[in-house]
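In order of appearance the chains are A, B, C and D, and numbering begins at 1 in each one.
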């Protein structure tokens, strides 16, 4: 039985961890902290969990100096996360951090996008927790930096072609569309129902913080520098990210050729579903599940590919992937607690 | 040309007033105040108004001591409204107040539901601004208390039967469902997109503050005390209120009989549309318009009627009705600036 | 291992059965029929099931004369269902029928609401599959008539008070609001996205076919005739039914008194969650789950109660309840495959 | 007074024409045809129009041989439109055709994408009705081919840069996202509420029929051949198209440089609103209005621009633009009947 603590568990990633772990037979959630809700029953804040965590209460984070569990999921915002992760590691806790704090290996890059890092020296200890790329390293990791939601969808869409050396690396454009829950659980005019419903917009064009994360991983896969053009959009849905990626091929290839590259690359992956040629994913088909669905297309005349991926931003893009990482770290079957189909309607 | 000021104009009722008045040819908005946005262009806060109010800026409310216009629309929250209305009247401004502050005639009732009133003595000067019931009084009113959104839909649904003395007044049940904009424009977890989308719930069962307002007006129409059971619900839409009202008849009547009562009662109303027998309204058919659509049904065996009304909570339930009141006060054609069909899809 | 066939499995109840059964460890889906999709892979029609039923194809219903399984779920429309159920029973298949065909015990009532029944003689063999009322009878049933979605939410909301003899049975009003999936999977202008989104309406006022089903069960619980006023509404959500029920008490009672009645009545139920006093359900908190959440309120002055229930119409209101019935019929733990929390956002 | 007939007026473009024309003071709708609804009151099919067209009935198209009006709006599907347009012209009616039938000048291109054209000889008489590019030609046109919805948003986004000769014409990628009403009014599983709500997908990748239309107009503006990569997506909203266009610059330019190009190009346009630098459009800010909002961004390092445009697909993308064209054809002020702000929430 894996003993678990969830730090900062009153947001949507916390809710999703609890939801997923309620069906995970080899783990037990011992503690969930929340400054805001300390002392309140988890089921009071999250009524959907009634009947599952009836005796679990949010605890004050201050009580958890010296916490000792098998794994701590850190769901704090970036900045706040780095304040506690070092202490958790020193107390011999393995940590899966869902914030952005340990995803970037280069302290200079972190600083440029997020500001000063309080424990930049441990940045290179962290393993970037995308199992499809770093499964082996995750097994022994003490600190897993769980990938961002946009990067998960973007990297899985493009990695096979970059690994195969087929792309003009300067040509990559990633047009990504995310549901509102990606902005977190909180009071905010911009994400209020009346402002979002029936609307759709691009935001943070040219300056979204997930860009360097995507560049880092795609550069690593490609073996040469990749700098993508990345445009996020806000979808009027609660969950889901659809990523439409465009890139130029070094030489012409058919859709079938491209499809074969993906088929090979993802042949053993439990959570990547490559669609048949000519079919493309819909975020509704992965909602609530840990799957990443991918469809591919090649325009031979233009020597340009269009790759579409769909994930649930809160599952494969956050808490589901975190549990997948935990399963890998503890040598469990990788899909333990995660093998459920989407709630497609 | 009617000179207009809008106080507290950065919420949804302010936005709607501006939207509607942009097509009102006999009025001019001279000033819009907002503590939060003072100094900002109106079109920066409300980009949909670009091209219509390009030179209008939110002003600091403090600058408006001694304001003199033809009519001031007061869009402040209840409590804040009573602080300024007395001064506006003293400076000889006619006022249309969209808050709850002047809707209840009885200071004791106000106190019981909202707390102490700072100028309870002028409560009986205010005219309840529902044109279908109080058109004559509105004409000369110095202070119009614009009705609440739920009361507008509820009163219009039930007034004809109560006026006709057909109902058992103790039997009235009003099951009402409102879009999220009814909660106002602001940062609030409960009205955030992810919390509301795909959900639906009842709230404030037995204790919603619009209840005494409904009781007051229905009592007045009926000529004997009415105390309704009122249950509000939160719909996952931005706009619209559908009200399903149930009541027992003193004696049996067919749907046709009931329909005739409404036909007569509303025969000259420009904004009440009685649907044919057997048809019932949909909030989408009034969206963005000042109409109230009504459908009626009588279950002869049970001697019980079901009346359904639909309004746009921000238009007939707030700013549209406020403009309708202004038109009446200034002897304009009542539908000036308001005669537009709904955006039904 | 329970061998299962699903007849007419290409609609939403079929999809939901497959989704739920993918996590049911003691059963196996041997066959799914569909006239429309015969020969197609299940995962082609339902891409969310990729990775779960990759070798399952829709079969032509005609091939299934003489079918022999442990249990057949019949997801055909009413009318079509009665054509096949008799044959299934004759071949010694136990049947859980999700249509309306076997829910009404009285052939005259069936005829009045649906027309002639082709095998009215077996109507009284069917057990109405609401476990909370008929668990014992379900255990040995050969034919279970799975309840309608509205009736499930309505009956669970009112049964405790009627069983306790507390209600004026003539006073019951049920104002119910359902998501669009209740209308089934199909091409229909009335349920098209553009028509429904942002809208809300009542429909079939006074004439919805679920009314006699509610009356039958509530009459049976009350021990005296109940005839409810039932008004269905169409919510702009895919899933969920919220039911707001009103009734007059024979004698005054506090909310606490009423709450105690429900606490007692549902104390051992695995899928009914009674909320604390003062809290009311939201359909989002049961989405995708088999729970029915209930909140109660009593207005002592008016001697009137307001009871609110929430279910997922496709789960507790259809396929989840069908699996719950199967578990009971086969002496499994009643929540097998069903114990998952809602996807609340 | 302009006498108008609307052919095939029971779809969404017909509804929108009627809605807009209800506020157009210099025109009168004399006839609306519909095969499906012939004989029915327009307000029965479109209840939002109650009070506006109470005496207008759908007529059988067959009755309109020899129709003579000032202008006929043809809202028939492509293929059906070409069957009637020639006759209308022969009877000396000016025609604004909202189908795709007369948008492509080259019969070979039409044939390749749509099949044989029944009156290909008049293709070159038609004026492509995008006022921002072809205002002068529209004035005298007998037949205006009203642009497609995607092309309107795409062409307005890219025309200024192509006219200025700044783009690498082979580099253009258009990632476009449309609301569901773009698929028309009809019964269709793919556009049913439960299938669409909460979902999002790309479709017709590499093969959408609006591609040649975009290519034709951009080629004409650029003066050299343009072949775009165009990817449409289906948004879970009723209305609106957001287009995110990417292209490489021939030489580096700042966002300010790009902004200046648009400022100049659109300086006199009544319906194009160029947002301030750093701001980007939201479809909710144009909903129900005839505006096209545009925001621009240049990534100097990558020498790549990102241009975002937003329109209401049914207004500027269809019926609003059709009325704008009519105003031009009849020498009215171009914004007659069209100068209303969006219903932004």
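Note that in this section contacts are C-beta pairs under 8 Å (C-beta built on N, C-alpha and C of every residue); 3 or more make two chains touch, one makes a residue touch a chain.
As the structure is a prediction and not an experimental result, all values here were calculated from the model.
With respect to chain C, maximal separation of chain centres occurs for D (centres as means of Cα atoms).
Comparing chain pairs A-D and C-D, the larger number of C-beta contacts belongs to A-D. Mean C-alpha positions place chain A and chain D at a centre distance of 38 Å.
For the pair chain C and chain D, the distance between C-alpha centroids works out to 45 Å. Touching two or more other chains at once are residues 12, 181, 194-195, 197-198, 236-239, 281-282, 284-285, 287, 345 of chain D. Per the touch definition, chain A reaches chain B in the complex via residues 12, 179-181, 185-189, 191-198, 236-238. Against chain D, the residues of chain B that register as touching in their complex are 12, 15, 19, 22-23, 46-52, 181, 197-198, 238-239, 273, 275, 279, 281-282, 284-289, 291, 293, 314, 339-345. Chain B contributes residues 170, 173, 175, 177, 194-195, 197-203, 205-206, 227, 229, 231, 233, 235-240, 242, 244, 246, 280-285, 287, 295, 297, 299, 301-302, 304, 306, 308, 310, 345 to its touches with chain C in the complex.
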